[in-house]
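Letters are used for the chains, namely A, B, C and D, taken in the order the chains are written, and counting of residues starts over at 1 for each.
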Amino acid sequence: MDLEILQGIISIIIILGVAPLFAGMVNKQKAVLTGRVGAPILQPYYELQRLIKKETINASGSSFISRISPLINLVTLIIAAAMLPVGFWKPLISFDGDIILFAYILGLVRFFQILAAMDIGSSFEGMGAAREATFALFAEPIFFFTIGSISFISGFTSLYDIYHSIQLTNISYEVFIIICSISVFMLAVTECSRMPVDDPNTHLELTMIHEVMILDNSGIDLFLYQYSSYVKLFIYAILEVSFFYPFSKQSYLIGIIIFITGAIALTFLLGVVETITSRYRMKNIPQYLLFATAIGILNLLIYTFTK
Amino acid sequence: MENVLSILFCLSLFYVSVTSRVKAYVTVLRVQGIILSVLLMIPFIYKFSIFGIILPATLLLVKVYLIPRYINKVILDLDIKRRIEPTIQQMVFLPIVIATMVIIFLASSILSKSTELDVIPFASGFSAIVIGIYIIMSRKKLIVHVCGFLIMENGIFLFGTAVASELPMMIELGTLLDIFVVVFLMGIALNKISSTFEGFEVTHLGRLKD
Amino acid sequence: MFEFSIFILLPLVTAGFCYFIKDLRPQYGASIIVALLHLGLSLLVFLGIHHAQLPTFFSVDSSSKLFLPILSNVYFWVVLVSYSYLRRPITPKAEEGKKYYFALVNFYLAANSAAMLSSHFGMYWVASEATTLSVAPLIYFYRSEESLEAMWKYLFLVSVGIAFAFIGILLLTLSAKGTVLEGQQLFFRDFIRNATKLNPIWLKASFIFIFVGLSTKIGIAPMHSGDIDATSNAPSPIAALMSGSLRLTAFLGVMRIFQIIHPTSSYEFARTLIIIGAILSLFVAFVFMFKVNNYKRMLAYSSVEHLGLISLGLGVGGLAFVGAMYHAVYNSIAKVVLFMMAGNIHGHYKSREVEKVRSALNILPKTGWLFLIAYLAISGIPPFGIFFSEIKIFEGILFSDRPYLLGLVMFFMLFIFINMGKIIFTMLYQKSELEPQTINEEKFELNHLVVIILLVMVTIIAVSSPEILYRNIMNIAKDYGMSL
Amino acid sequence: MKELSDTGNVLLIAAFAIQLLSIVFLSFKNERKALFTSNITMLVGLTLGLISTLSSTLFSSAEITSVSIFSGLIRLDGLSLYFLFVIQLVAIPTTIYSISYLRHYVEQKRSVKSFITFYIILLISTQFIVIANQAILFLVSWEVMSISAYFAIVYEKESEEVQTGSFYYFAASHVLIFILYIIFFLFHHETGSWFFSDYHLSFSSGLMVPVIFILSIIGFGIKAGFMPFHFWLPQAHPIAPTVLSAFLSGVLLKTGIYGILRIYQFIKPMPEWCGWFVLVISVISAILGVWYALAQHDIKRLLAYHSVENIGIIGIGIGIGFIGSANNLPAVEVLGFGGALLHTLNHAIFKSLLFIGSGVVYQNLGTRNIELMGGLVHPAKYIAILFLIGSVAISGIPPFNGFISEFIIYMGFFKTANELKNYYPILMLMFVVGLAFVGGLAVACFTKVNSIIFLGSERSEVKHFHTSVYDYISLGILALLCISIGFYPQPFVGVVNKVIANGFTTGASSALVDIDWLYFTMIFSSIALGVFVLYLIKIKLEKKYGRRNSAAWGCGYENLTPRMQYTASSFADELNTIPKAILDYHKKVEVSENAFPLQSKFKSHSKDFVDSKIVLPAFNVLRALVAKIEFLSQTDIRYYIGFILIIIAIYSMIAFLWT
């Protein structure tokens, strides 16, 4: 077997295996920062284990959509993960234009998630779905103004190549990349339903976005949803940490260390952000997202005209 | 001679623009008919021909006898009020008429410099045309409209003699016949109008609009 | 002399015959035969198979060669359906008028043919005044207040107008003073030949008077009102005759004087006037289509529009002129169709108000559809002929020296089309509050057949574009000195 | 250019002959029989046509050669063949569907013959439009197409709504034809010929060609439905019988695209501003189109607005192609035009799929208002699935066909930025974001549509959901096409590539076929496979640990009713509030302030900006102006006579002043 394909497969396995751990770390960090002991880092694994053994209950008005949606969710996210350079390795799927496929395949996830939520026929899910549709719309431009802008500048259209093209030779480019990474962080916060956009630990249905959409799922369905959300968080983490690509070019070892440290630092960062911010009012979220977009545009403009 | 007749013609126009009696119009039409026939007969003083007399004779017949008589009959039949109600006061109307005539006479004399033409018959004919239209425009009675139209026709005739009387006789007769039939038809129509609308004024005719 | 008797004398004689015979049937028979003979002979002349020899004051030239078949075609179909039309019940007051119908129609044919064939201005004037006289009593066919008013207005306005045209003719003789034409007869031929020698001042004056005077008959704005009143109140066959041929007869007069003026220095002036008149007509049609609430008036305004378009073609010249000639042919046919169908609608609903006519497509399916198709035909929708002629006119305008006119024309025509469509669709589609309980299946009448034949005709002529028509129109264009 | 081979010739003519023949079968007295036979005949004709198109060089490995028959009146080149293919491909399912759709009218004792007649004429004339090689034939076909479409649209003519809506179409198509006249007059004048094959003009030759270009964008833009010329579209498409809406939105709009591309062939290469011009109006059309769609509750109106969006996307592709042609970059041209052409096909497929789906729903519920629907997945599972496929495809989401064409367009942007550097990347990025935004809105819109119509529980009672086998056949064909283009795009991309090579590009480029299409096949298949495998596992686990249905969580409230569901208005409210002014979005909220609230209401509606703020006011102003012209409508004959005198005076003045 080709080494690259092997690397790709290993990447996927790593993503699938490590994703809950990453989420566990975030939660742990947050607990520590708020002065609690918190659940163990491996708590997500226990959660998943518990869920898979539960009886599955579907809402009585629901249809096949809410039954297949969790499956599509997970499978599609795995495919998306297969496009990412885990540990700077060449991913399994890498071809010209996969950045578009990446963005759109996440759209597929969203499409079915919204449908599954609406399938229940309850106002709670409907509210969540409407919010998801609205906020996702504003999140989309952020992706293109960050990763997309790097792509446009470098001329590459594959995620792997885009990260590969990042260089630390030019100070304005460095600033550009750093600001890009900040935007990606803001995007990750949105897409993964973290604070300040969404509060995963809230208990009031009216204030939730992602959690309310899976309110009526249980058992294997909930397992799939939870697992997918871990994978999604990890995917965005990789999108963020892959900005350290240039370091791996001189020495792969240093690179991989930086990668892992970066990932851990990211959990810390997420923890900090979740600790020090409160969730925004729903009305203000589009403004937050537009702010992130604006940063992206400004960054690109500044870079283009200072070159 | 032609000029004298033309001036007479113009005087009849003045009369017609100040009169307020319907009958006066008919009289004026008769007078004008006579003037025109005389005008046509002038050439025969010098050179007489039986064949050429047909036209003036017909003219005399139609314009002096038939048409005025017919109009009179209509007036009698329909019991039209003698007085006309002009929309414009005569005191205003007459100055307008005079002004128009002055302009026409001036214009024709200017035009006559480039082309050789008899100014007085030309201008009086043209004045009659315009004044005929003025009469139509300023009077309400339909019968007066017919008279106005006939004054206009007379004007054209005078105008024609001034310009060139070269039209073949057949065609001249045709025009006369046409005019006669027009007046005839108008008379019939007036009859119908009087029985349908109970009035002979133009204000009754206002049904057709968008 | 044979042609003369067929074209003019025979209709005259028949008119007399019809006047004295009281029964309608023989009147109809005689009229049909005359119409058929007229049509046949005019076609023969048109096709160039027969060369007509006509007495003094009459002759056949390129334009009368084209216009005569238009007249006899329209006339033939109108007479064909007239009998069934006359048999429809009308108010008892109007019954007595029926017996004069055929006499007047025959007289109309004679007068109209004479006008078209005349080679002399005086003759033309006499004949076209005669057409007015023949049509005026026909307008009063229904013996209603409206028709009486329409007749009065038409008769009076057109008589005044035509009197002005006579002044124009007199002025034309004045313009000939001092040339070889002085003291000569007013034959078109001579004037065209010596046009350049005419006095330009009087020529212009003459043109103004003839154009404005005849405008009352053609329906060129703002002298269109009498025409509108008359066409909308006349019985439908007569309205068809007026729109299809009478207006063209008057238009021919303008064409004649235009032909004289063409080689002279006043040409540009005359063109401008014709274009102003044409655009005004389109404008008037445009304005009134917004507010018209009587469907026959709507059709009358449509006639104003199309005569305006034809005049525009004459004014602009070149390809637009060719288009205008084609347009004259197609428009006459389409107008007959429209008026016949409007007559059927009137016959059923007994009203000319748009508001009274509802759901016509259900109640009168055959008439309704044909009316709709006729509307499309008149609006220049292919495959009907008007599409092809309009394209020529438009292209001619676009590449003339006044291309901006096309913008105006298209703007006006667009709204005319839209508003006309709006009216017609309301008549056809809108449900009435009082839907009749039983809908009698509409019978297939003679006039439906005629209308179908005419629609097919207007399509076939256009699609096959016969060589002979093209050549004739080219001859006219050549006679008018149009550069192509 | 060569003459068409004998068999192809015969096949094409036979196809048209059979299509025409189908009108003859309408003479059957029995409506049902007439409907069936004429539709089947039409189908045979269309299939024959499709076979002749498929057997042409379009689908073989050979290069496309342009073929002309009937002494050059008809010419088949790449573009014609491609659009012929699109038309016939989509006309087949719509015709199949019409058998079942029209049967409802027959059951109501309504004659459908007039509709079928116009429908058939419409199909034939549309095919003629794309193969005509002569301006007059083109114009005639175009007019026949417009008018027959009008009469087919106005089929249910008693309704006021139908009258108004169809009238918009009627008026707009007449504006359009006038513009087309001018375009072809200019061509005729410049080249002295009516034949398309003689039309070669260049932008360098003065003002004429830019005028032609602008006119063609406006003219064909009206047909295609570019903003702001789209105003007639959401009026006319909803009120047409659904069979026709499917064809109108799916195919007829594309004649506008065909026109633009055809004109491009005549006047290429273009300067760059043309490309930017098209790009800008296309992006506006796409974004506003989909946003308007989001605010609609009428399913067919919503789909009509989506046509505006998709035409915008096609326009974006064309715009990129123009920019490529201006800069002489074959790769960009290929990607831009390729994306546009493929999206043309794709949109035709999924839009007719969605319209037919909505038609099936409409037939059963008798309403087009989605707020009254709901839960239809239970009685009509397969319709729901087929509709879902169309929805995913139209949102441009993988793995269906919509994504493929959007992908090509994205690649076009990247390529342009890459080749032209400078400030291009940032400009292109703006358009990319615009397109992505459109995608996001489309997702929002179609999740709304799908969930409100099919998911949840029934808002209005449906006793028995009628479907016929024809519905399934037609929807099935279209869904299959959606799937196959999505999963295996190579052959379709190959065709598009060939079409572009035949008369579009200056130089050859393999940019389109160079994309790793195999990846798509693999990725999409693995998604499908993965879902399937996971499903099996899930079933197994559920068997082991149990599965049951239970009432949804109601915050403790037990009796959830269908009326408590989230509505379409509330779903889209947040998004629609943002461009409130442009969408003319109004909402009405009635909340009772009682201590014990009884009833609250929420209503929203949106009016078309162009229609309500530009077209109608302009028309009203015109009408008001015209109404002011009173002096012309005098009834008094004295005025008539006065006019004569005045006009003579004016004319004499002109004569006097004439130099």
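In this section, a contact is a pair of C-beta atoms (placed from the backbone, for glycine too) under 8 Å apart; a residue touches a chain by one contact, two chains touch by 3 or more.
Only a predicted model underlies this, so the values are computations on that prediction, with no experimental measurement involved.
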Next on the checklist: Strictly by the touch rule at the top, which chains does chain A share as contacts with chain B?
Outcome noted: D
Checklist outcome for this item: Note: chains that touch chain B and chain D both are C
Checklist entry - Which chains share more C-beta contacts than any other pair? => result A-D
Next on the checklist: Roughly how far is chain A from chain D, centre to centre by C-alpha average, rounded to an integer in Å?
Outcome noted: 36
Next on the checklist: I'd like to verify one number: the distance from the centre of chain B to the centre of chain C, where each centre is the average of its C-alpha atoms, in whole angstrom.
Outcome noted: 31
Next on the checklist: Taking the mean of the CA coordinates per chain, how far is chain C from chain D in Å?
Outcome noted: 44
Next on the checklist: Measuring centre to centre with CA averages, how many angstrom lie between chain A and chain C?
Outcome noted: 78
Checklist outcome for this item: Touching at least 2 other chains, the residues of chain C are 152-153, 156, 160, 288, 291
Checklist entry - Which residue numbers or ranges of chain D touch two or more of the other chains? => result 633, 637, 641, 644
Next on the checklist: Where in chain A do residues touch two or more of the other chains?
Outcome noted: none
Checklist entry - Which chains are in touch, pair by pair? => result A-D, B-C, B-D, C-D
Next on the checklist: So in the complex, the part of chain C that touches chain D is made up of which residues?
Outcome noted: 152-153, 156-157, 160-161, 164, 204-205, 208-209, 211-213, 215-216, 221-223, 225-226, 269, 272-273, 284, 286-288, 290-291, 359, 361, 376, 379, 381-383, 387-388, 391, 394-395, 398-399, 406, 410, 413-415, 417-418, 421-422, 425-426, 428-431
Next on the checklist: Applying the document's contact rule, which stretches of chain B touch chain D when the two form their complex?
Outcome noted: 130, 133, 136-138, 145, 202-203, 205-210
Next on the checklist: So in the complex, the part of chain D that touches chain A is made up of which residues?
Outcome noted: 374-375, 377-378, 381, 384, 388, 392, 395-399, 403, 406-407, 410-411, 414, 417-418, 423, 425-426, 428-429, 432-433, 436-437, 439-441, 443-444, 446-448, 450-452, 454-457, 515-516, 519-520, 523, 526-527, 530-531, 534-535, 538, 541-542, 545-555, 560, 562, 564-566, 570-575, 578
Checklist outcome for this item: Residue positions on chain C within touch of chain B in the complex are 57, 120, 122-123, 125-126, 129-130, 132-133, 136-137, 140, 145-146, 148-153, 155-156, 159-160, 163, 166-167, 170-171, 173-175, 177-178, 183-186, 199, 201-202, 229, 232-233, 288, 291-294, 297
Next on the checklist: Residue numbers of chain B touching chain C in their complex, please.
Outcome noted: 111, 114-117, 129, 133, 136, 142, 145, 149, 152-153, 156, 159-160, 163-164, 166-168, 170-172, 174-175, 178, 181-182, 185-186, 189, 192-193, 196-197, 205, 207-208, 210
